[in-house]
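Across the two complexes that follow, chain A remains constant while its partner is chain B and subsequently chain C.
Take a look at the complex of A and B:
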């Protein structure tokens, strides 16, 4: 797949290195964010206070990378004036890291809510559905980042197609939590916290979907935002 | 790969070119070229190229050195007639008129299809006489007042009048490079052409003079149809509405400029505009 875009075949070796460098930074940022989400989920399910604090600390590194990547892209745009696939790479990176940074913010929310639940001596362990949603979102993010590294349009499309499953899981959890709150008003506080976590996971799913749309833009040259699955299928058909 | 020189890399024969991808025809074509072949003696410089120049648009012809883009441009007002070993085949039309028809006077054709060259080439005459030269030989002005009007309006259209209005008698060669190029554009406009061909009109100019010329091209397209050959991809991206990519005498790809520079279809186009090895 990667060879289709020939990212490393510029006459200017330095340009090849610059593109490689910025792609590596994005992968590094993706790795950190993925770690944050994994930790957030673990902290939530295990009521792990220490882990919850660590996520908040890691967010600084993610934010710093966002700034560094933006600066690197600005330099490449100013000095290389990239065109065609190189230009699409720059645009997709600048858009991708915004979503990555927001995924990091959502992971921080998971951590903060985990800490509060833990203060009250609760964990989200009893919510099987939340664990399912968390694992599903985590796996999707991992797949999206791999697709990004491999410029794999097929997997990116699969993820976009499956986003509605995450939305459905979120709706399920919301319904369950409402029932729980109606049954026992003393549970409202914690049920709301679980609900915010579910919402954060659902948002991570949306950001992951956005990243997949940028992968399609980069690889296929088609802007597929705000399109139905069927429209996207037609646009990216070779 | 990296051992190849740039020219070798860009002219590698590995990729087979089969026809042209993209859109070569225009709904409202000012000039239509079909199956054009050009030979210099035994050597074929243009291989079966078909394309339209859309009316009141700027069409950029790009490609590596020796790809045939200038040769093709020069066919459009029969500049190649001056080269004895050059032979042009195919159908080349301005509106519905065959520009290679035997009865057609190439001098009259060149008044309708003007040309601006890479190096500004004002005549060793006054600014006024440079612009007045064409209208005089074509008898476009009945008297001095009419000629004055043509000279002034041509200089205005070329964006030069304000800078030279007090010294129309000064030699054209005394102007700066950018001004000289605009003088040549004024000279071209003075004979009321329909099409203006530009062969790297800004490659000898500094960035500011270049920006002025590019701004002028954008204004000129309201009245004229323009074809421009340029080595600067950024310039092609800035000034043109359609872009044609030539490679070793073939027209590889043609399309809207916005598409060519963001999502070209052919691998050779992509390689060229992104600076990659073929």
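Take a look at the complex of A and C:
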């Protein structure tokens, strides 16, 4: 399918501005969520309780943005009756912000677990694999948001292709934690907390992948959900 | 806000039919997903590997419906340019099916864990609390889908109000599992599998709650996400 994206090319200047504004709101929400994830990881590795609390507070701003963006999209749908790529933009935004909001929720879980580990005088600092997974997920989210801003289908596809690496890292951590728990049952509680954190990070990876699928839908006009990497490659080939 | 829902009351008979058709597709998808959850739970409690495999296969049908419904909604948005409650119907469907699809994913996780437990000659049958949680979540999902079919805001509100009971049951299971693991470290692996199942059920509860929020949005025209139960009660009071 040919690229029919023509953001900012409407006869109505006001309509161009409205689309630009709502895209900016999504990017603002993305920035906030990315910040939450970064703080969640930092709180976890540094056993920083203050930072953990801050993430929970920031979640209100993220939630408020979700509602504001949905309202704005609904208004644009009602007043502008967009078609073709403008309509895809609206639908993709409505889907994207649901995933962004849930990434925020997962970051809050990181923060809460960080606070609990800190209560027990523990941090996840020693746990190299969790730090690696966290950094990887963080970087992927950052790339995805940049791809969203730039309507960069190629990077979106790369991220989808590499999601399985995050899953493998998660499986690896799960195995290590089971061994740890079996070796020292007194560590079960903390190991479980670290396991919840790993799960939260893996889910952030999933939501990031979803966002990349919406980027492909927007830019290429193709719904690539539930497709294999090979199928996606064929669908989006120009 | 007054109820402005007027499904099936358009001058265009064809438009009425289109809205009815897409609502029927959503209910079909809901029925499939409900079946998946029921099978997942059964597979888990009976250590039934065949049933577990079936859930994974059924997921293709659920995923295909998600894509079909999104396409249909996008077409209706483009051709009919719906306003007011018709537009809310479209937006609420686009959101609802994302949650339905993820409920299906969680049911698949139940199935996969059931198969692994069965590999090890175990089932979750003895675990009364998990069965209770499963039955509770199942029943709630069934009620939510009926509320969706009947546009029943009252039941949707009841479900949102009672979501915390599911969270409490989940917390209770987590505590029991930690004790079990500490008492007998050989049980760690299976206890973790049961813990993933409990988490999947809890998430199905969350998605069900989300669907109920969309019912309130559709019927009452109010976005009640991230609101307290008291705030929701005030918002939807006639």
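Rule of thumb we're sticking to: the second predicted complex is superposed on the first by the 234 of 238 C-alpha atoms of A that agree within 3 Å, B and C clash if a C-alpha of one lies under 4 Å from a C-alpha of the other, contacts with A are read in each partner's own complex, and residues count from 1 in each chain.
Assume contacts are C-beta pairs under 8 Å (C-beta built on N, C-alpha and C of every residue); 3 or more make two chains touch, one makes a residue touch a chain.
Here the structure is a predicted model, which is why all the values come from computation and not from measurement.
For chain A, the partner with contacts to more residues, out of chain B and chain C, is C.
Look at A:221: by the touch rule set out above, it reaches chain B but stays clear of chain C. By the touch criterion stated above, A:13 is placed in contact with chain B alone, chain C being left untouched. Using the contact criterion defined above for the overlaid structures, shared-chain residue A:185 touches chain C, although it does not reach chain B. When the shared chain is aligned, chain C comes close enough to touch A:70, but chain B does not. When the shared chain is aligned, chain B and chain C each come close enough to touch A:83. According to the touch criterion, the shared surface of chain A, contacted by chain B in one complex and chain C in the other, consists of residues 81, 83-84, 87-88. By the touch criterion given at the top, residues 60, 63-64, 66-67, 70-71, 73-74, 77-78, 81, 83-84, 87-88, 90-91, 94-95, 98, 174, 178, 181-182, 185-186, 188-189, 192, 195, 199, 223, 225-226 of chain C touch chain A in their complex. Partner chain A is touched in their complex by these residues of chain B: 1-2, 6, 9, 233-234, 237, 261-264, 269-271, 273-277. Residues 6, 9-13, 15, 81-88, 221-222 of chain A are the ones that touch chain B when the two sit in their complex.
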